[in-house]
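Each in structure tokens, the structures are laid out below.
Common to both upcoming complexes is subunit A, partnered first by subunit B, then by subunit C.
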Partner chain A sequence: MKIWEYILRRLMLALLVLFGVSLVTFIIARVVPSDPAALWVGPRPTLEQLAAARAKLGLDQPLPVQYLRYLGSLLRGDLGVSIKTHQPIIQDLRAYLPATLELVLVGMAMAVFIGIPLGVLSGARRNSLLDHFSRLLAVAAVSIPTFWLGLLLQILFFRELRWLPISGRVSIETTLYQPIRTLTGFYLVDSLITRNWPAFSDALLHIILPAFTLATYAIGLSIRMTRSTIVEVLEEKYIVAARAAGLPERTVLFRLALKNAIVPTLTVLALSFVYSLTGAILVEVIFSWPGLGSYVTAAVLSADFPVIMAVTLIVTAFYVVINLLLDLVQAALDPRVVLR
Partner chain B sequence: MNAQAVKYSIERTMNMGMGASYIWDPVEEIIVIDDYTVRFRLKYPAPLDLIAASGYGAWIFSPACVEAQGERASEWFNEGHDCGSGPYTIESYERGRRLVITRFDDYWGGWKPGQFHKAVFEIVEDPTVRQQMIEAGTADVTYDIPRENLATLDARPDVVVYTQPSFQNLLGLLNVRKPPLDNKLVRQAISYAFPYEQFINTVLSGYAVQSYGPVPIGMWGHSNRLFQYTYNLDKARELLAQAGYPNGGFKLVMTHVAGDMDERKVGEVWKAELAKLGIELEVQGMSWEAQWDLGKSDPMQAQDIFVMYWWPDYVSPYSFLYSMFHCEEEILFNLGYYCNPEYDRLIDLGNELSGSNRAEAERLFVEAQKILIEDAAAVFFYDIVNSHVLRADIRGYVDNPSYPHVVFFYELSR
Partner chain C sequence: MREPLISVRDLRVQFHTYAGVVNALNGVSFDLYPGEVFGLVGETGCGKSVTGLALLQLIPPPGEIVGGQILYCGQDLRTLPPAQMRSLRGGKIAMVFQDPAAALNPVFTVGEQMEMVIRQHRRVSRRDARRQAAEMLRAVGMPDPLRILNAYPHELSGGMQQRVMIAIALSSGAEVLVADEPTTALDVTIQAQILDLLVSLKKERGIAILLITHNLGVVAETCDRVGVLYAGSVMEMGPTTAIFREMKHPYTQGLLAAIPHAERRGRFLSAIPGSVPSGLQIPPGCPFHPRCAFAWDECRNEIPSLLPVDEGHWVACHLYGRGRR
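Entry: the complex of A and B
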């Protein structure tokens, strides 16, 4: 099968998945006991205000009509309006999604650049001091509760050492005197493009603690995963041959062994990436990071169903696309993988 | 800002018919007399001074500025713009993150040296982070710090904790239509079964005061001469026996907003106490919308006890006394379904007089509360005491319960 045919087929399947998810979330939103009209009008409404809101939101229509209208809006790229803030959801997502993506991407970069090398070295030097240390680190990293680690890091690096800021994406001074011009919504990228160096370093300092807190689980996971696959791969004959041929150890480990060992690690990191999009909530709350997690939690707490449905669809789309990319990358890295 | 702006702003709010616009319901017509005088012609007597001072829906803005936005004015406001007449104007607003207000040089009240030129509002959800920020001096004002930490914070020389009773109270509206709470004696009995003092001192660390009826402490119409139910299980048993339930033997359902820990703890503590009387209390946490929906349904199928907070839209006892206890044909907020024509007569008359003869209005409101308390229409748990934490070098702060959690930066200096 040609690769584009495969991609097309997967994308068609993705559409079906998204349709199914939209239907299920819509039904759940209507089954759960709540009154969107009451949320729309705010506290202390009159009965007339409630009735007007019901008509405005189309809640007086039969359910199939409501769903078809919703689907029609989706097809036009309209995710609807938050019934709590009355803002178009797409506008909110433009503000919140880049913040979370930036946080998660920096976290994943930390996982890749800390977790994978440690895993490789740990696997290559089994039972050495480094191996014991990284195994201990891996167990600690996957078991430590995120909120607790976040608070500890804040106490250490903000309260005691005064090295790093405690919350937010940039400091008040940057907002007032060196505001970042929004291009992509990724503060690091935007400040870099506009050469706003003070804002760049400020944004970088702000992202270190939350990104590291978010990354600890992925760091631990990638250390363990890389180590165990490296241990297996290093016993393969081609590695023995490479070593016998006198290739430098660094080339053997990071070029030959890692290429075959990295596929399972990439798989878990990719899934961990998508999970973090909404799973970053605890980190976002502790570090006052205005991202998707905080946004959707506020929506869940106030039963703001259009927002919950929109975020569910977006995250589903991310899952589908990341899984597809992962399959393509696996096929490229490992000739044994055949796309069907 | 002139009389024309006042007329325009209030008429626009009234015409929108959304949010708290109903506070202007008594207004028939607004007449501009001259540049700085307006006359309000009312449909019925109402305390217009209090309405105009409301924290909700009583803002005055520039007509030209609003008109410039055309039909998009509401969206434009929601996006974080202002056309106000106050001392500060919005400099920047990032949704869910940060708001910066900066001084308006031509403010009609003028400016004195030492006043703040800018104020920055940051959304910090985690209370421990807020506490760390105020301790480190990276924030100057905050609130909603865990009550148990306030004493430690107040002991610091660089931080001051301001406490002040708020106009917000917690009540349990009792379903007077459905047995067994349709019996006044049972309602009185369960009112005696809550350990008010102990709950306030332990669970709330003292940051509340037991209510005297529905009108909170500090507000006109409040009276500490009203009868207060206290924790007395013997009295409760006696009343239950008189009502024909000597050993309890019935079940009550209490609803509250899920996620509100204080409401949940009220339920848990009360459940334990009622169990001693042979009464089973089922505590159900649900979303506000679901709780309210159930409350608005058929009273015979609805909850027995509806626990909720109330605060006034403008500073009048009528907000409490009317919304929760006045007869309602279609249920809105009278979620205990209480209806007493004599009570209604007293509070309606009180409301009519509250603009012209406040002393008499107050007397009528207190009389009406006596009826409510005797009827045990609700359990009046406590009036909340608010706490605000400021850096010690900030001067001029006054907590005004009419505007909960609003900081008037114009009054502050360092």
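Entry: the complex of A and C
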């Protein structure tokens, strides 16, 4: 199959990109004036302790040797150890990455299911009340500061209405009495697999506010993007032809027009997805969500380079894979697109 | 005489643009009988496409039908509820367009597009819809229907695309086909094939075709009757032979005199001085009078009505109205 060849080639390229990124982050880590050995040992180190740490971390080796060792461990799937907590990074990621992915994926789903339909209807009924409303919403959504919106939603839905929990991934009751058995690290998925219904609904209630807060920007983007492409597509002759053939407006908009209009929206959503992997820190802080953003921010503040390098690699990997997926989706949607 | 399938009476369409009100149709009347090809001719901008779209109630905003009737089986389509109008579209009255490459959705296969339309009008399974689609493709002269069903529009030639459009239009049993310049975008040899197809569909299925064109050669070859449109009004209407042999209206005479030029220069009407009035400012009286060699006072002040001069032959011109009174 030709498509497999294409995917394989793109994945090879992705490896090349990852290799480059690992080299760049490694060089930056060694150039920046900070002493990993000092961080490893802690405050008030003795000279002996520092020398021992240097030997343990391999810092006494020539740089090329250090890099090759680093590459070697990467190839074995070993992302290294945090020089601050001395924890294997992979272990931290197993906790933080699924939490972030779950949050971001739910947020993206919201953007898709709120932003795209609103954009379509708004583009189809230009200057209607709905159009004015969703355009206002789009502008508001991209300009509201995240922390302000998060706090506002907490005040409204937690303090005033008491509909939704204020923060965390699950409530203490769930942790104590209905603990979720960790399989994938995605609470919604794990509770679903183990049929832990009380935990599932608890996790669902917990994710609504942070996911929505995170998604507002993407919702705004997808409304605007979808609206403008739909407006263009609705001018096409094949839309008149579809109406002339008696197809109902629902089909015309959400099937015939949307399939022609959705790719630019998916592109901005994909970019926003990758950005949110580490850019969701404000949401994570406000909603006490143990995610990648807070993890990497802490690492940056303490110059914990192995962590920074690992997270950079992970995010890069997501970026390349999502771009590949995007190209595949585009080719699947439009037969005129040639993959090469 | 047979009953007309569609009767258009005094149809008026306006576009409300920033520049002002565009009077696209100013009282157009004609009948369309089952099993005939009725040609609508006129220069670009005279209101042919608008007439076709009006039959399907698909005038795009800022346009609006502001007067007249479109009777189909005795019902005025203007007052039909939207849901009923929708089932007429494609179900009874269908339309094909000038540029088939643009009128087919690029991201769906021919089969998907045909199935969608067929299943919109008939309660059939996907498999039956596909079978009907293949039959319809065969009926419009496509050699390998099963392959075509799986093809995307861009994989087909222009002539095949137009055949597919016609197949989609007729796949749900339409009795009326509005064909808006169906061959203008095609090569000359392909044009003839598509016109032959339309004529054979008329003969074999008794379909009524409103053939919109600016090409008098096309009219002569395919139409049973013709209406000549100028600035949103019918100037002359009658059997094709009568129009070509005994044209009455000075505008029709100008059109026909221009035919040799048309073949040479790819456009017609070079023989008539002046240019088509804009819908923003239709001249008072006969809209053609500023370009007419015979115009006199009456032509400048009074709109001539469409009056019969012969069996089935009608003319809107004071030259003929006067003699009859």
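Note that the second predicted complex is superposed on the first by the 339 of 340 C-alpha atoms of A that agree within 3 Å, B and C clash if a C-alpha of one lies under 4 Å from a C-alpha of the other, contacts with A are read in each partner's own complex, and residues count from 1 in each chain.
Following the convention adopted for this analysis, a contact is a pair of C-beta atoms (placed from the backbone, for glycine too) under 8 Å apart; a residue touches a chain by one contact, two chains touch by 3 or more.
Owing to the predicted nature of the structure, the values given are computational and were not obtained by experimental measurement.
Asks: Please indicate which partner A:Lys237 is in contact with in the superposed arrangement: first for subunit B, second for subunit C, both, or neither.
Replies: In the superposition, A:Lys237 touches subunit C alone.
Asks: A:Pro335 contacts which: subunit B (first), subunit C (second), both, neither?
Replies: Second partner only, subunit C.
Asks: So, A:Thr146: does it touch subunit B (first), subunit C (second), both, or neither?
Replies: A:Thr146: touches no partner chain.
Asks: In the superposed arrangement, does A:Thr267 touch subunit B (first), subunit C (second), both or neither?
Replies: After superposition on chain A, A:Thr267 lies in contact with neither partner.
Asks: Considering only the touch criterion stated at the top, classify A:Thr194 as touching first (subunit B), second (subunit C), both, or neither.
Replies: The answer is neither, since A:Thr194 touches no partner chain.
Asks: Between subunit B (first) and subunit C (second), which, if any, makes contact with A:Gln66: first, second, both or neither?
Replies: After superposing on A, A:Gln66 lies clear of both subunit B and subunit C.
Asks: For A:Ser228, is the partner it touches subunit B (first), subunit C (second), both, or none of the two (neither)?
Replies: Once the two structures are laid over each other on A, A:Ser228 reaches no partner at all.
Asks: What's your read, subunit B or subunit C touching more residues of subunit A?
Replies: Comparing subunit B with subunit C, the partner touching more subunit A residues is B.
Asks: Find the residues of subunit A that appear in the contact set with subunit B and again in the contact set with subunit C.
Replies: Comparing the two interfaces on subunit A, one with subunit B and one with subunit C, no residues are shared.
Asks: For subunit B, which residues count as touching subunit A in their complex?
Replies: 17-20, 22, 78, 92, 94-98, 100, 118, 120, 122-126, 128-129, 132-133, 135-136, 138, 259, 286-290, 292-294, 313, 323, 330, 332-333
Asks: Where on subunit C does subunit A make contact in their complex?
Replies: 53, 56, 58, 60, 86-91, 94-97, 99, 102-108, 116-117, 120-121, 152, 154-155, 165, 168-169, 172
Asks: In their shared complex, at which residues does subunit A touch subunit B?
Replies: 32-36, 38-39, 41-42, 44, 46-49, 52, 85-87, 92, 95-96, 151, 154-155, 158-159, 166-169, 172, 175-176, 179, 285-288, 290, 294-295, 301-303
Asks: What part of subunit A is in contact with subunit C in the complex they form?
Replies: By the definition above, subunit A touches subunit C via 236-238, 240-248, 251, 255-256, 259-260, 333-336.
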